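Please go over the structures that come below.
Note that subunit A is present in both complexes that follow, paired respectively with subunit B and with subunit C.
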Partner chain A sequence: MPLIKKSLSDVQFGLALLLPLILFVIALNIYPLGYSIWMSLTDYDISRGTKNFIGFGNYAHVFSADPYFIRALGVTLRFTAEAVLMNIALGLGMALLLNEVFRGRGLIRMIALLPWSMSTYAVATLFRYLTSPDVGLFSAAAQYLGLAAGPVTFLSAGNAIDWVALAFSWNLAPLGAFFFLANLQVIPEDLYRQAKTDGAGAIRRFWHVTIPYLRYSLLVVLLLVTIFAATETTLILTFTGGGPGVSTQTLSYWVYVQTFTNYAFGYGSALSWILMLIVLFIGIVYFTVLTRRRGG
Partner chain B sequence: MRPKRVAIYVCCILLALWSLAPLYWMANLSFMYHPEAYMSPAHLYPQMPTFGNYLRALGFSAYNEITGEMQGPAGYPVREALTNSAITALSVAAVTVLIASPAGYVLARLRLPRKNFLLMALLGTRTLPPISIIVPFYIIGLSLGLVGNQPGLIVMYLSITLPLMTWVLMGFFASLPVETERAARIDGCTRWQTLTKVVFPMALSGITAVGLLTFLMVYNEFLFAWIIVQGTPAGTIQPVLASMWFMIGELNIMAAANMAGLIIPIIVCVIFQRYIMQLKIVDPVSVVIQ
Partner chain C sequence: MSEKTDRRTYLKVVGGTVGGLVVGGAIGYLAKPSEAVEKTITQTQTLTKTVTATAPAVTTTPVQLTGPDHALIMLMGGYRPDMVQANLEEFDKQWNVPSSLKTELQQLSGDLMVAEETKLAAGAPVDICLSYPYSTVTWSKAGWIQTIDDIKATADGIVMYNMGDIKKELFKNMQDAFSVDGKLYGLPYYNSCIGAKLTNEKLWERAGISGQYPKTHQEFYDMLPTLKAKCQAGEYPFLAPYYNEAFGIPWSWLYETMNQGGVGAMFEETPPYGPTFDVGTLAEDVLKNWKDTWDKEYTPHSVLTMKQTDFLGAFSTGKYFIHDNADYYLGYMNNPAKSQMAGDCGLVPVDKQPWGMMDAGIYVLVNRKGRTEKDQHYAEAFMEFLGYKDRKGVYYVPKRWGIEESLQSGYAGVTEDPDVKAAYAKRLRKPEDLVTIGKLLETMNFCSAWKAPWYTKWNTRALTELPLVLTGEKSIKDVITTLRDYAEELVKGA
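Right after this comes the complex of A and B.
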């Protein structure tokens, strides 16, 4: 286009507009991450006053001498698995409902999205009120229905992590639902009609038409929920505080305690990198499994 | 057809109960006077509803119909915290939109050397757990004086919102038709004019949505705020509410303060609902929203 007078080349113009972003990303993301790798190789600890390079000492300690690590890993896996199942089931259910045509759909969509808009802290508060033995809705309902004579304690060391997973899913499921919904809307109506004439019932249509089409958004939701759940810290801190006992102490909770309660920055950084690598590993596994099947 | 209709409406009722019951319960407690809030089993609706808890939580006095006395403010900085949150969230949203919009446009439209490297960096930052980011941040921030004040908190939020929103906006700009821009260029607009007079007006809805989303994310964020500004005058609403929880013996006031904290997200959600489908947040990688 020779008619256009060029004062700047594409590259110059582009770089000028990108420069602020690049500077911010280097200063706010890349530099802190590098710093964190370095810290994880030191015994930086404010409470003990140490700051020496110790190589992979922290990592070796995590795997050989930290009894909390394995337990926290177990709690994290259980929480993540439950959260993923609940999110997929709830999100898919909501999406299938919201995809139907009925009066008042706009309002129901808004109501469905509402839990997503709330902060994790608010969700923790709501669920503390719901499950409280004294002022809780569930405890009151049990008493009014004659199922219990007095206040009921719902959270125990055995099931507290399940409650956290439920609260987590209450908060996050609408996001997944809207993914599925967007995906459902691009499934060609013809496929259903054809399946119907072939004599497929509602359940078979769901398995053979809907689910294959949803594979892509299923992958996305799986990935997101796994990453979010495996690294969830706020909800644990504010809903159960790791308790009762130690029953809800996940890996990310353990990173928090090591860093901000014990001020063991080096050890906390090493734990956080282990957490990151685990999340990355799970992500890669999902990705490979779900994208490979498409060909077959 | 008829049984299907019935099933749909039954499911709608269940969905509404699922979403609203937790909220109803906190609202219920927030309208009770102190003695009623502590009754067991808890009342399913307030027998003597009062708005006083809200007034007292927000730092005003309220008349108590039971004792016939005026009661003073509850003495927690909820109003200040709401103001802090609004300022923090607005600043982050403004800076994010200003930097991420042009960057998103460039990444969507122009061929640049090493573009993929930058894209990978943007994407990579989104997969990092917040707890892993905050650790180095906190330590670097300590030495730079970015811990315990509002500018520090704003900078830390930018580290999350900038890469994410650039990515979202990149997807949005890529979905806009390119012809209008070409026409503007042929008509003699400079690049900058094309951007400000043609592209941005066209993209206004997407940019607004990104601004809203950024605002909501920052307003709702707990962990960074808890670590950076908890217990300081810059305290935002989430950490202030959380620290009240550990101190307060007045459940009804606490519930009212929490309800007050939910007003802004609910309004934003209602507005945002119209944009969510359009923004293509449904793009897999962009969506890392929470």
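Right after this comes the complex of A and C.
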């Protein structure tokens, strides 16, 4: 005899159990998403006191009259590309190192995770101080080593976004490293031995044995890093504040400014949906490329 | 245990339990205020009702304070939360607020204005928060805050002072800055002059030019080559205020132009506050001086990415002859715990023209939903306590900020207070700097366009555009034209 009689069908019972979760998802995901779509179709602006439906007016304005959109898009793409490359390089390097057997490996693995445990705000503050010409470590070291006579300015209009990408990657690389490490540990040793027997060198073994196994973790890391980088705001706000000039103003920064500084909630929502569509497009490209069967 | 339960019964039991908890919780919540009032009746003590405003409290009739119906809530940032909390406790003590309803401090992190606006827009329960003159306009238009113009001492003894009397004491320029459409919207948290010229007297002495201060902005720019010649390795003549804050580079352009050409040199002084700056005006001359300062490296190029804390940290290293900042940072620079040039920071006196402009923080009264009449009175009393006087007729909170943090107030009664003056004197290199502070506050103006609801949009654009002049990405004429056109567009759309 079953403990619970079937006076409700399995489907009804399952739905009843899921109901709280469904309501939770509607309240926290579906409703805000729907509301932001609706806002993007209005001229909702607190400073002007307007909230009228204007159709796709905001979207048209983005592409036709916003003098900063194209520049912000360019900065976003550059930042995201740099962040992805640095994350993959750092993450994979760390994973390969941590996969080796050596004394103190456990301790090193723990230390390697530390940057990821720091808040974005803390990372931004840390890098701001590291690169400060007056009180920063890098500037002091350069002067101490006789490489510079006075304070060194690291963040210029030309390279500030590279520094932001570096700070971002330093913070996030351990996440990718542990994805890669998990994958590396399931690669059969036999494959490496066979490849070696066949005369494959270290680079060919890495390319033909290691990389194919890392394909899915690579996809996950690529997706996560792209999404995080394209939508990163706190780091930029705290580290460079979008400057010097407009050199680190990404799309997500521009969304923040329009929404919370200029009070243009409608326009800010439209910008954020455009950003979302761009990220979605990049994600689809990743999936298409990385899940394509060889010779298919 | 072989007791069996069918699914319907199971769901009924679980649903009933959850429903019971929800209903019970709601009843408990609704019952809380009355319970709280019951508790406080036993704690009620007899206090006195004050009806005069400017003099120390005068006793008339005994009143009983029982505390508000709901706890008051205040939003603040991370600056001296210990002192803010102590002030709240003092209010609770003086107004006999029971411990079950003690005034709550909600400390917000990150961008304070954004965090506050998020709460206000969401209709979160808040009574008092911090604002600035330019945000007050938008908040009042959005209906988030209420005017305090009509506050009067109440018969229940909770509200102590008439706003009409407070206004007689509040500095006129602050009243103007805190008013929207002629109605007052806040009382001062602090008052300062941003753009005061702070010096490193040690370097001036070493250069043999001690006391030879510039009297105008142009004289200052003419001095820069001389200062540069006196610099040693790693030193700069000027830490220019081109830092990356809303009150950094955009405000520097505003006050430098207004100091030389008057308030109307940037925007019209009356509605709709259209732009008066243009190519060929004083505003262009200011930017030409900036470009020259930048190109000849009289200032480090790192200022463009500096936030306020970096800006302070840089000057406190003692490697700069002079910089523009808020006058209250004199205390910071002369504090050995915070600065490497402690005891060496002085002020350039006010002579032929003012330096800088107003930088004031305001306590504003939020339109909290469901506020009872009694709660309204407590909120108004709390506002007066923070921005004016306590029940004993003392400028309790303003004096504390003055003594502990060198923050100026909006009342002569605070700035002239012997305790405040003594505290200031300890942080000054030379006694005449106290006179300079008084003159800075007396002569400073504020940007007329702060009263336009579109001002923050224009300021954001200025923050983005002005650095482009320095980096050479845009010409001075292009930037001025862009900012003027944008201001005109905003005026039209308002």
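Assume the second predicted complex is superposed on the first by the 275 of 296 C-alpha atoms of A that agree within 3 Å, B and C clash if a C-alpha of one lies under 4 Å from a C-alpha of the other, contacts with A are read in each partner's own complex, and residues count from 1 in each chain.
Convention: a residue touches a chain if its C-beta (ideal position, glycine included) is under 8 Å from a C-beta of that chain, and two chains touch if they have at least 3 such contacts.
What you see is a predicted model; the values in this text were computed from it and never measured.
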- Query: Thinking of the overlay built on chain A, is A:13 touched by subunit B (first), by subunit C (second), by both, or by neither?
  - Reply: both
- Query: So, A:260: does it touch subunit B (first), subunit C (second), both, or neither?
  - Reply: both
- Message: Just checking: does A:156 make contact with subunit B only, subunit C only, both, or neither of them? Give me first, second, both or neither.
- Response: second
- May I ask you to decide whether A:143 touches subunit B, subunit C, both, or neither, giving the answer as first, second, both or neither? both
- Message: With both complexes overlaid on chain A, does A:47 touch subunit B (first), subunit C (second), both or neither?
- Response: second
- Item | First, second, both or neither for A:240, with subunit B first and subunit C second | second
- Give the label of whichever partner, subunit B or subunit C, reaches more residues of subunit A. B
- Is A:228 in contact with subunit B, with subunit C, with both, or with neither (first, second, both, neither)? first
- Task: Could you look at A:115 and tell me whether it touches subunit B, subunit C, both or neither (first, second, both, neither)?
- Result: first
- Message: With both complexes superposed on chain A, which partner does A:134 reach: first (subunit B), second (subunit C), both or neither?
- Response: both
- Message: Does any part of subunit A touch subunit B in one structure and subunit C in the other, and if so which residues?
- Response: 1, 3-4, 7-8, 13, 121, 134-135, 143, 150-151, 237, 260
- Message: Under the stated contact criterion, what part of subunit A meets subunit C in this complex?
- Response: 1, 3-8, 13, 16, 46-49, 67-68, 121, 128, 132-135, 143, 149-151, 153-157, 160, 237, 240-246, 249, 257, 260-264
- Query: subunit A touches which residues of subunit B in the complex?
  - Reply: 5, 8-9, 11-12, 15-16, 18-23, 25-26, 29, 37-38, 40-44, 99-100, 102-103, 105-107, 110-113, 118, 121-122, 125, 127-133, 135-140, 155-156, 158-159, 162-163, 166, 185-186, 188, 190-191, 216, 219-223, 226-227, 238, 241-242, 245, 251, 255, 258, 261-262, 265-266, 268-270, 272-273, 276-277, 281-282, 284, 287-290
- Note on the structure: Within their complex, subunit A touches subunit B through residues 1, 3-4, 7-8, 10-11, 13-15, 17-18, 20-22, 24-25, 28-33, 35-36, 39, 93-94, 97, 100, 102, 104, 108-122, 125-127, 129-130, 134-137, 139-140, 143-144, 150-151, 170, 172, 175, 178-179, 181-183, 216-217, 219-220, 223-224, 227-228, 230-231, 233-234, 237-238, 252, 255-256, 259-260, 265, 268-269, 272-273, 275-276, 279-280, 283
- Note on the structure: Within the complex, subunit A is touched by subunit C residues 4-8, 10-11, 110-111, 114, 117-118, 121, 138, 141-142, 233-235, 244-246, 300-302, 304-305, 307, 310, 313-314, 317, 319, 453-454, 456-457, 460, 464, 467-468, 470-471, 473, 482, 493-494
